[in-house]
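A, B, C, D, E and F label the chains in the order they appear, each numbered from 1.
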Amino acid sequence: MKASTKGILTGTHNLSGNEACVEGAIAAGCRFLSGYPIQPAIEIMQRFLERAPEVEATYVQMEDEISALAALLGAVWTGKKGITATSGPGLSLMMEHIGLGVMLETPCVIVDVQRVGPSIGIPNSPGQGDMMQARWGSHGDYEIIALSPSSPQEMFDFTIKAFNLSERYRTPVAIMADEYVAHIREKVVIPPAKEIKIEPRNYYKGPKDKYLPFKRDKNFIPPMVDIGNGYKFHVTGLTHDDQGYPIMNEECQEYNVHPLMWKIRRYVDDIIEFQETKTEDAEVVIVSYGAPSRTALKAIKQARKSGIKVGSLKLDTVWPFPEKRITELAKKVKAFVVPEMNYGQIVLEVERCSYGNANVVFVSYAEKEVDNIDDLLSAIKQVIKEKEARKGIIEYHT
Amino acid sequence: MNPIITAFAKGIKKSGVKPSRISVPSDIPFEPEVVKHLGVDFFHTIRGRAIAFGTGLKLGNPDLIVVPFIGDMMTIGGNHFVHGGRRNMDLLIICVNNFVYREIGGKSAPIQKCEKEQTTTQKFSPYSTFEKPFNATHLANSCGAVYTARWTALHTDELANSIAEALNKRGFSVIEVLLPGPNYYTSIKETDSNLLNFYYKNSVIKNGEAPRFVTITPKEKIIVGKFIDKERPTFIEQYNAQLSKTLGDKFTPHGGKNG
Amino acid sequence: MATLKTKSNELIHPMEHLLRMDRIPHIWCPGCGIGTAVTAFASALEKSKIDLDKVCIVSGIGCTGRVAGYVKLDSFHTTHGRAIAFATGITLGNPDLKVVVFSGDGDLISIGGNHFIHAARRNINMLVICVNNFIYAMTGGQVAPTTPLSAYATTSPFGCVEPPFNIPYIADSSGAVYVARWTALHIRRLTNSMAEALNKPGFSVIEVISPCAMYYSRINKLGDGLDMMKFYHDNSEIKHGEDTKNLDIGFQTKITVGKFVDRERPTYTESYKKWLSEIKRKK
Amino acid sequence: MKHWRTPFDIEEVKVPQGEIHIIKDRCKGCSFCVEYCPKDVLEMSEEYNAKGYHPPRVKNPENCVNCGLCEMLCPEFAIWSTLKEENED
Amino acid sequence: MAEIRFAGYGGQGIIRSGIIVGKGASIFDNKFATMSQAFGPEARGGACSSQLVISENKILYPYVTRPDIFVVMSQEAYEKFEPELKEDGLLLYDSDLVKLKKKREKIKLYPIPATRFAEELGNRIIANVVMLGFFTAVTKLVSKEGMEKAVADSVPPRFKELNLKAFNKGFQHAQDGN
Amino acid sequence: MKANPRNVNTGIYYIDGDVASGQGALAAGCRFIGGYPITPSTEAAEAFAKIAPKAGAVFIQMEDELASIASVIGASCAGVKTMTITSGPGYSLMMETIGFGAMLETPFVILNIQRGGPSTGAPTKTGQADMMQSRWGSHGDYEIIAIAPESPQELFDYTIKAFNLAEKYRCPVMIMADECVGHMTEKVVIPKADEIEIEPRRFYNGPRDKYLPFKPDKDLVPKMVKAGDGYKLYITGHTHDEKGYPILTQNSKVKTQKSTTRRLVDKIKLNADKIIELKEENTDDADVVVVSYGISSRVAVRGIEKAREKGIKVGSLRLVTVWPFPDKKITELAKKVKAFVVPEINYGQVVFDVERCSHGEANVILIPHGGAGVHHPDDILSAIEYASKENKKIEGIIEHKTKLEKLIFEEGYKLKE
């Protein structure tokens, strides 16, 4: 399906990441935002409110992040596409309802503009400390899709992509941006509506009385209906059967929850996207996402100048994790270097998937500027000298 | 914030309470130097949880005098506010109201641009212009507060007196302080400091006014004063009384005799 | 009012078309009043003549939280305390719907207290039916913010030390446009109230005092469900328009019931629409 | 039938005759219907239903005036009344 | 090792039965006993059950899969759990409340009108204790003394006598009838 | 330090795990519990509410989980030992404040009786699916300690241990029990007070004006003071320096990130060897090692015994502390064994860390279970059998198909309650 022309600001703009995110949401057909102001995600709410009258969108500032996500889930069931924007502390509060979103298989988009944590941390400084939280933060078993943009243009593109993924797989999708990407201003090209692909909601078309809200179709995704059309359906956050009625036993738990994982896991190859640069001949590959991947590209150039063959694997989709690609690369390369603005999260996944075939070096950007390439370079230089395979994550201290 | 802190310092002095007994859990950051000057223990807690945190402080050590400063106008922490009042937890709430709610009309842009570096708690709020604000006093009273007062930040003396009075009062006390924030009186095109002056001038003191009638509307004068001052057993008093009744000698009152 | 429909000679209860009969019997204990409140709600749905396709019901967690699972409307059983927040999203997403939040005192007033006061302040268009049984029954009888002083509960084994909320008062002071309280015994008045509120735009609250025969009455030695009903019968007093501040409930004291607040205020949706059009006009 | 005063139209108004229907196995034996039936139509029975509770049974069928109170009060949707005359006519 | 399931409807003291037998076995008879139970609404509205494993050694697997002994006090519970019972298991049931359907050949049946006995003793709430007395006599898994101590230990002092009376009533019934 | 006899109800009891934990908390010197009822953890709160007032401790039921955890941290700052009690959904609500507690380095204990998830899930049934959440649930970088007990007796013992660890390392300690253990009734022996070792709070006793709230000792843990003792504390959830003052500018960020946030991670990571408690059996000559925790390790034993009867050399490694994860131990074992078998009552959480630490040297087999029940011993046996026969190195986690999975998705089992 093509996007509706309504409200799409086709053309070239100079936008911050947060603003680009809102434009992406509007282009994707999002007409509902509920949120609670928090640095550094406020501009998403602001921009959405400014644009709301034009596209007749609904905006509500709720009393906290808990209710913001609850209201969003409610609104989605009325047929709207919805988004909420927050940062670490807000994401922590949303955890319970991410679980509800997963259990009710409600498509929605959650933007997390990461800042330095834990707790209040430093509100206006970039961080990437919520990556594992996005995957594991709510109780119980679930799979989630998380995208990580590295520029305002990607904020725009990924927001549309996030909506499409969420509608296709009926699941909450997280956009794990960071303060750096959210606040830099760059050129953002918004294409004409007809070039924007939109995933329509998977609506149920059969007879009204036969509708089962969690009956999976041939693609393994249950079709939805909107409230108010006489389907009289029931949904619950309790473990349930196809009809949405709670059944609390082992069998139903298996029947209900296992497919929540499968419905993502069986499509990982369709979902996962990454960008590779010069990995064909690389001895060292920098695995990165978000803002540090910009630094990685700079570092490659520098390193190649000094004769070290370095490549880059930039993860557009962080969750599900591109296990296969890492495992393949691990067999070819000597080492992975993972720069992150935290104290080691995704690097654990890289270590896991390299099965001891490549050394894994962690470079923490929690204590330095994003555009600092010196540490990255020195890590590359040191690991290239490393003779043997080392177990465990290596951190070179400067 | 400064006029409020000044009044707080004055209030502490006037009340005769030893500052080291006072703990301030707050969701508004204080200047560290101010804390040293005041001589109190200060906890900058996360948004909305100052009252809940204070409840723990008080029950952990009943000798403390706990004064939560809340800036979020009961948005995210509204629940703790009403429940604190219901329990009559021995807390003095300083509720800094900077009018983040506004009535419709007047302004061209619905929300203020966020250009300056701000922390979450130095509140910028895009509270949309069509929401009715809480009447904090009425709400506090309806959930059981024993002391409520409202002053603008310029009523320094009155505010200090109220604080002194409330510091010596047992139970859930609420002092609402009006501080200029985003433009509320949309017809007045004034800078913040002048706006404060405007609040001051546009207010009228009506001690003992019924809480139901002290709603702040753009068209009328702001009613300030002390509205409620009543007695009700605090949580700890009630706890000690009830448990002594049912447990008798087996029970040691929490926090000693004085609660 | 009851008409018997027969299908293959089976007896069919007149409410069956409004209930999910495949889920009956429900989980509530013998002598519980929630079933009665559901019957009243079902009759109110008929009485109000509201389009049943356009009504949806949201519940939280707890005994009363299960109501959504038994009423044949678009129904949502959400997380603990967040029913009102979830319903806010629904009513803003599609303002044509009438959302009913049917949940318990612990769910709505304790953990969901913030959403309760804020939705009332915003005057979100919804009907909140709060079944108050003075205790957390689903988890086995813990003290609730409605448990009367000195009443016993499993987490106040020596008597409750916290004064309870006066739900109508707090609803009133936060800005609800319709506030009523009935016991599960005042079924006809309760039905009328519900029917009236279903047709009223804005935030309406109906508190239903219900016996909890399994926990509240057992722990406090108040007999069974019937004994509690008898107590309500003898001790409730109808006072329409009573000032909400006088509606406190003590342990086994008189209960004032009636319709206390019925006023007009623009709803959130109306204000929002007005605001949208104003902005548009300016541009 | 006792009245606290004699209605002046008692001669003209025909008292409706109701018929009680009970789904025994839904009953959880709360006895609300028995207690609050204004016409003393019902009583609790000795038998146990499948759940192990004593369901109500009709004691004085002729007394039922189809007021519907039992139906409204029943938390289990297990009892209701219908108008009998209609069936007879 | 013996696996036991107690079942009935909410309010019959099914879970307490499990606790009392477990207590008798583990504290007063010095065996190992692990009790687990069904919780929440299902324990009140419909069939509720508790499961007990008694063994001479440490119990690893805490749940009952195929009980050796099934003690049942309501029709619904009987229908729900009866199929689990072992081929040569023991079925103890309240003869007023449970109507047996099909008979499995090797299963040994032990009926007792426990609720009626309890009502005769003055309170139907002690039906479970009557059943426990019967259980003790029939199964001999736990000593009578141990069970009596466990019963006395598990009820408020003022009800001690009544409960012990109920226990002995059930115990006696087994001695008389079977 | 020994426990205070006033807090210890010495004796032999037949109680469930929840109640045992409440007793354990009191014995450990807990003075304050803020809680909110949630199945299946409520009994622990009820037990504490009942026994606490007689020993001078307080139980308060707060309005929600957000408030419970905030009040617990507050009370900890006031100088008492504290705990909160919850289960999955409540735990999710606590996430923001857990990060706050980690940032403030306040000692407190969370008892999480895990149930079937996600969302409301199966409240009255068991699960182990909050394991990763306990490690990663709050935003930002921090480390916690998590303990997984397997019986009511252990719930008593490890609740005391949890308090001790919390005081020692000044960090949140989670007791990750599950419904099965919490609701299981067994014999629990509460020893005499002088047999219970208690870790006192690390109070500062130097000169008042020299006190720096976040200046660490050698083991990277700073000393505490009580609120109200005249130290003019300035404590914030912002990233802070040693004085506790907030840092908001980029320039000073680098330094403080190193001295505070990194320390939050390092104080656990570097002390991991002292914290980690493992129970190892027959791993010396094992071909296959079953790695498990909590109730799974208990039910796995039946499967292991059956496998031994068949002549398979199988050992077991029980993680008593799940976090910090015993990286070294797993890496060591991986070199020796053919495969790890990991039964978890979830669809794969801790198994990822087993996979990570085995560095491709041993196969990793997951026996998943959705919850609401425990593993069938036959599933564990068949996984062990498979593991011992498979001679190829396989990359990636091998998900063992359970009987239940086959039953439901292949044999068309009809769901019924």
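Here, a contact is a pair of C-beta atoms (placed from the backbone, for glycine too) under 8 Å apart; a residue touches a chain by one contact, two chains touch by 3 or more.
Just so you know, these numbers come straight off a predicted model, no measurement behind them.
Enquirer: Select the chain whose centre, defined as the mean of its C-alpha atoms, is least distant from the mean of all protein C-alpha atoms.
Expert: F
Enquirer: Decide which interface, A-B or B-F, involves more C-beta pairs in contact, and give its chain pair.
Expert: B-F
Enquirer: Specify the chain most distant from chain E by Cα centroid.
Expert: B
Enquirer: Distance from the CA centroid of chain C to that of chain D, rounded to the nearest Å?
Expert: 27
Enquirer: Would you mind pulling out the distance in Å between where the CA atoms of chain A average out and where those of chain C do?
Expert: Using C-alpha averages as centres, the distance is 39 Å.
Enquirer: Just curious, how far off is chain C from chain B if you go by their C-alpha centres, in Å?
Expert: 31
Enquirer: Using the touch rule from the top of the page, what residues of chain C touch 2 or more other chains?
Expert: Residue numbers touching two or more other chains: 25-26, 28-30, 77, 79, 110-111, 113-114, 118, 138, 145, 158, 268, 272, 279.
Enquirer: Where does chain F touch two or more other chains at once, residue-wise?
Expert: 39, 53, 63-64, 66, 89, 96, 100, 119-120, 123-124, 236-238, 248, 373 - these are the residues of chain F that touch more than one other chain.
Enquirer: For chain A, which residues are shared contacts with two or more other chains?
Expert: Chain A, residues with two or more chain partners: 60, 63-64, 66, 89, 96, 99-100, 119-120, 123-124, 236-238, 248.
Enquirer: Residue numbers of chain C touching chain D in their complex, please.
Expert: Against chain D, the touching part of chain C is residues 1-4, 11, 13-16, 19, 24-26, 28-36, 38-40, 43, 185, 187-188, 191, 213, 224-226, 229-230.
Enquirer: How about chain E: which of its residues touch chain D in the complex?
Expert: Touching chain D: residues 8-9, 12, 46, 73-76, 96-97, 115 of chain E.
Enquirer: Using the touch rule from the top, collect the residues of chain A that touch chain B in their complex.
Expert: 36-39, 42-43, 45-46, 49-50, 59-61, 63-65, 89, 119-120, 123-124
Enquirer: Quick check: in the complex, which residue numbers of chain F touch chain C?
Expert: Those in contact with chain C are residues 35-39, 42-43, 45-46, 49-50, 53, 59, 61, 63-65, 89, 119-120.
Enquirer: Sort out for me which residues of chain B touch chain C in the complex.
Expert: Touch list, chain B to chain C: 74-79, 82-83, 86-88, 104-105, 108, 110, 128-135, 138-139, 141-144, 211-212, 232, 235, 238-239, 241-243, 245-247, 251.
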